[in-house]
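Questions regarding the structure given below will be posed in turn.
Read from first to last, the chains carry the letters A, B, C, D and E; within each, the first residue is number 1.
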Amino acid sequence: MSVIEAKKLELTFQTNDGPVHALADVNLEIAKGDFVSFIGPSGCGKTTFLRCIAGLETPTGGTLSVNGMTADEARRSRAYGYVFQAAGLYPWRTIAGNVRLPLEIMGYPKAELSDRVARVLELVELSGFEKKYPWQLSGGMQQRASIARALAFDADILLMDEPFGALDEIVRDHLNEQLLSLWARTEKTIAFVTHSIPEAVYLSTKIVVMSPRPGRITDVIDSPLPKDRPLDIRDSKEFLEIAHRVREGLRAGHAYDE
Amino acid sequence: MSVIEAKKLELTFQTNDGPVHALADVNLEIAKGDFVSFIGPSGCGKTTFLRCIAGLETPTGGTLSVNGMTADEARRSRAYGYVFQAAGLYPWRTIAGNVRLPLEIMGYPKAELSDRVARVLELVELSGFEKKYPWQLSGGMQQRASIARALAFDADILLMDEPFGALDEIVRDHLNEQLLSLWARTEKTIAFVTHSIPEAVYLSTKIVVMSPRPGRITDVIDSPLPKDRPLDIRDSKEFLEIAHRVREGLRAGHAYDE
Amino acid sequence: MRNVLPVLTVLLVIVGIWYAAAIWMNSAWTLDRADGPLTFSEIVTDTMSQDRPRLPAPHQVWAEFRKTVFDTKVTSKRSLVFHGWITLSSTLAGFALGTLTGILMAVGIVYSRPVSMSLMPWAIISQTIPIVALAPMIIVVLASLGVDGRAVPKAIISAYLCYFPVLVGMVKGLKSPDAMQLDLMKTWSATGWQSFWRLRFPSSVPYLFTSLKVGIAAALVGTIVGELPTGAVRGLGARILIGDQFGNPMMIWSALIAAAVLAGVLVTVVSLMQTAAMKRMGFAR
Amino acid sequence: ADEVTLQLKWVTQAQFAGYYVALEKGFYEEEDLDVTIKPGGPDIAPEQVIAGGGADVITTWMAAALAARERGLPLVNIAQPFKSGGLQLTCLKESGVESPEDFPGRTLGVWFFGNEYPFYAWMAKLGVPTDGSEDGVEVLKQAFNVDPLLNKQADCISVMTYNEYGQVLDAGISEDELVTFNYLDEGVGMMEDGLYVLEENLEDPEFADKMVRFVRASMKGWKYAEENPEEAAEIVVDSDETGAQTLDHQIYMMGEVAKLTAGSNGALDPADFDQTVATLLSAVSPDNPAITEEPGEGAWTHAITDEALN
Amino acid sequence: MDSVILALVVWAAGTFVAVQISRSPGHDTLPARIAVPVVFGIMLLVMWELLVKGLNVSQVILPAPSVIAATFARSTPTLWGDFLQTALKGGVSGYLIGCSAAFVAALAIDRVPFLQRGLLPIGNFVAALPIVGIAPILVGWFGFDWQSKAAVVVVMVFFPMLVNTVQGLADTTAMQRDLMKTYSAGYWQSLFKLRLPAAMPFIFNGLKISTTLALIGAIVAEYFGSPTRGMGFRISTEVGRLGLDMVWAEITVAAIAGSVFYGLVALIERGVTFWHPSQRS
């Protein structure tokens, strides 16, 4: 069953310098339970595509359906959890308050709130920091809090825009594992933007390679890796092969390697 | 000849929650022409140490000498180029204007200015963007402009705080190569903070692994790699060995692997 | 430009409310003076044309405004343009003085901790002192110092109101560079002078213009306030006072309208300067 | 020419016609004087201006001048162009006030800023408290216009015969709708506009001589204005830089002011002085004492007028 | 002449002490933050005293601080009554009415962009209307007592407060708004959970500006008619009577009341917008 379906999707920004073709002729189908990574050079439209799915941006051409609805309807039915490229915590709320925010808005029963908050903070290893304010945390911790915030409520679709960008390798590995196990447990559909090839390969069932000017999809790789992935799968032959294919696809989008 | 020498260096921040030991008992010697990478979990004091070297932070204990002077004297004699974690371009200056700024301040002769600016912009592949303002560039391009700014003047010591954090793998590789060749050509001493293990190993003659609470050096690895490093050196045995050692050192600084 | 329609609409609504209020407020007098019962339309007609209305109707004010602005030679002392010019010139002098003071104090506050710690609270206190209480003393003290005439005291009173918003805005602006931008200057070992002109000042420009807009309006208010105790001789303030003393509400209202127009023009001019400066500095997007 | 600066008590209007006429008609010039007339306004206390050196001579009411004297500013009356006073309290008949006995419980508008002494003296004489108590009057600080009466915010307001009273009539209220009390008639009248200088200046013969010439020319102006009220009013309107004065109203004002200056040749009648002092002292009001003791001999002098008028 | 020299000495000494305190390690503590302006103020007062006495400045032009202090002490009941009348009845009530009206208006305007574009530019004009022009009109409309003073204050604080609130409600980042969108939050939810908290620094800016405007407005309005009490009444009356010591005593009351009022709002601000970078030094 396909959860997200883009057909000939197009998005052109009108700027004073003329139009910017952020997305052109994008065709993609994402099935329920897929873990899809988007990778591509800076400015190729990854964020823009995620925003289209989330109903935050209106495509200027083509069709996009989410759960059989338009993206906007899906947004209204609260189908998404979105993790932005930057943490974007509200500075006037504590960490726990930030994580609680979507729950309050979506009207989760009061009794459940603290349980849920505690659980997701545990997940991202921020137990003990509930009462701190965002600026009292390091950049990496803030990013984790914003991930927790998106996980706190039961959205079928998780959209994550470079969530681990600000983290060091070890923490990143750890969170990668956590994310995989969460995904395996909950059967969420996840769309995930990253700049790291190993990360993309390690996490995904499907890797989408994009290229800029105009932003388009140049390659879609279905991963043959099993669902259960220990960290050392990264040394396996299949892994390296996929990584190589991704790297080649990426390189094609850059100027200086030709 | 040792350019930077830290002995029992200590820095404690006084905050309302009590003291934060950002650096404790840090001993390190950096020789002229060294390329030193600092790696360690978020909050372990990498930035703080770089700031001490640059004379932006005053250690609360121990001694630190730079070129035989105190850090502050070295700063006054304009010994440093510093690339901050974020680009930090001045929004009211064009890219060329931003790169020209330190030259103006240090009183370089007028005739030289545009030559130098053109040369470093070329180096980071920003020729043609001279007249653009920072907000007209993508995040990655801004970061490159800020690198160009630090390279424009002749500082012996280059301090770089995660300069390539916001860039994708391909651009990163490319800039890594460029940086290495610049370093080989100019014999600058470079101190470089990164979160990426391969990057640290690929670039450095010396890798400093740090660990937090209190921030301290847990390992210093002298790289046996030759000065001339093609990109595929990263598949060599020595490389992987060093990378492994760094990873182990890093892991020791984290909680969840014990 | 896209604001024209909304602004006109709001103006129209205001005029409508104004008319209604004029009828309501002036009818008491109409009824009081009437010999017998009046019809509604009789009441309305009368409230629109009283000599001393509690609230003059817009067209009455407009008539007075037209008479004193368009139908009178601008060199005549009966011309509102003439009085507007008097007020304007003092406003500009006060604005210049106030802006300069504000900026200098802001520089002192940003660069020197003793100055900042001792001056800032007193700058706030200075604004809690009613200017009308100080104005006569300013004039007398200036006169005893040998400064005669009305221009200088008016400019000082106007500057007194104008400097504060500029001070506050400039302190904010000069402090707006973030730690990294300042550190960068430090790594280049820039002198105080260099980091002022190349960093602090340029980053304060947006704040400067915003506070200049507030400041010039304040300077105008200050000038008009200063025109009462300086002998209510010329200027919009004098017109307001004389209009009040001799029971001529149309004169008060038309002077008020003139003040509002003047404020609008001045603020617009500063806005244009802001747009131009921001464009030149590349802030425009 | 010798320079003289005159500070008026209020804005340019026929109340000060004599000085403007003297200036325009060249009477000052004839006396080899270069006179600057500074109009007053709200917030301008002529006594303060002269203390600060901003004027050589001022016009003010006698009560205010005596009050200043007792506060340590030695003002001396050198001439008294106004023989009688124009201060009145006017009430709407419909409010039910017919005589001072009806005041208790009423709201009365009063001018302050040194103009309140006659009122407090009167109330003290009547024994009417002014603190807003049951059997007292409610006092309002009245601003510059007659609106409080027209808007019925006050039962009575202060008016000058030559100005506000005319405004009330102009507004369409006829004389028989009003009940008016003249302070002179009530026995609490006080000397109004006189010319005052600082005592120490008078000791300088040159200054005294300037004042002699100034008073002589000013009185010439006053007499001219009395005889030619329309021309005087025109001169006043021309001298008014606000351009807001109307000729009609100034002609009215000139006519009324002429009645007040008529009896004066410029010299202060010591009896008037004594009467003002006696009134002030007879009714020292506890919260508003103008003076508490005899001002003494120095408060006025005939030295100037004697020489000016011979 | 001696006193002029003495004044210079006091100036030097005061400056020295202020500089010493502000350079001392404890310069960030509350006592130091209070001590420096106080030292500065005392220095000014002493210089004022010396100069006025030494140069023989007339008491009807500028009374010496000692005289003002004596008058202040002697007249506290009067001053207190004036304070109640003007600052509390006129100022505070006008402040509360004006600020809350502006706040509600800002919320209304915020929902209707058309209104916002039409009303805000006009607000600039109205904000520049001189109170000395408005006050006589409002006294005519609302009577002599504190109600008309409150009305003047309402007019004075309305637009600064409105403009700040509207600006504050717009001061959210695109990302913060997008977040609310992904939650599909309703208008009121995003108002209460995002835009109002984000607007607080601006709202408090408006509230702080309004404190001084409120006091000044209430005082000035009394110049145009009042009962026989109130700070503005006392000031204008005493100037006419050359009671400059009393004038300055009232000015002192105004300065104290204004600073306390401002300080109070600033204190609440610290509590409410503790999260804002400007509050974290």
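Throughout what follows, contacts are C-beta pairs under 8 Å (C-beta built on N, C-alpha and C of every residue); 3 or more make two chains touch, one makes a residue touch a chain.
If you want to know which protein each chain is, UniProt gives these names: A, B = ABC transporter ATP-binding protein; C, E = ABC transporter permease.
Because the structure is a prediction, the values reported are computed rather than measured.
The minimum number of touch steps separating subunit A from subunit C is 2. Within the contact network of the assembly, the step distance from subunit B to subunit E comes to 2. For subunit A, the chain whose average C-alpha position is most distant is D. Chain centres computed from CA atoms place D at the largest separation from subunit B. Looking at D-E alongside A-E, one finds more C-beta pairs in contact between the chains of D-E. Between the CA-based centres of subunit C and subunit E the separation comes to 18 Å, rounded to the whole angstrom.
With each centre defined as the average position of its C-alpha atoms, the distance from subunit A to subunit D rounds to 85 Å. Put simply, the C-alpha centre of subunit A and that of subunit B have 30 angstrom between them.
For subunit C, residues that reach two or more other chains under the stated contact definition are 54, 132, 136, 140-141, 144, 228, 241, 244. Among the residues of subunit A, none is found touching two or more other chains. Within subunit D, the positions touching two or more other chains are listed as 42-43, 45, 48, 51-52, 143-145, 147, 151.
Remark: the chains found to touch one another pair up as A-B, A-E, B-C, C-D, C-E, D-E.
Subunit B contributes residues 39-43, 125, 138-140, 165-171, 174, 195-197, 247, 250-251, 253-254, 256-257 to its touches with subunit A in the complex.
Interface residues of subunit B facing subunit C in the complex, by the touch rule stated above, are 51, 54-56, 75-78, 80-82, 84, 86, 88, 90-94, 101-102, 104-106, 133, 135, 159. Contact residues of subunit D toward subunit E in the complex are 42-43, 45, 47-48, 51-52, 64, 67-68, 71-73, 112-116, 130, 132, 138-145, 147-148, 151, 153.
Residues 173, 175-176, 178-185, 189, 193-194, 197-198, 200, 273, 275-277, 280 of subunit E touch subunit A in their complex. Every residue of subunit D that touches subunit C in the complex is listed here, in rising order: 11-12, 38-45, 48-49, 51-54, 143-147, 150-151, 167, 170-172, 240-246, 249.
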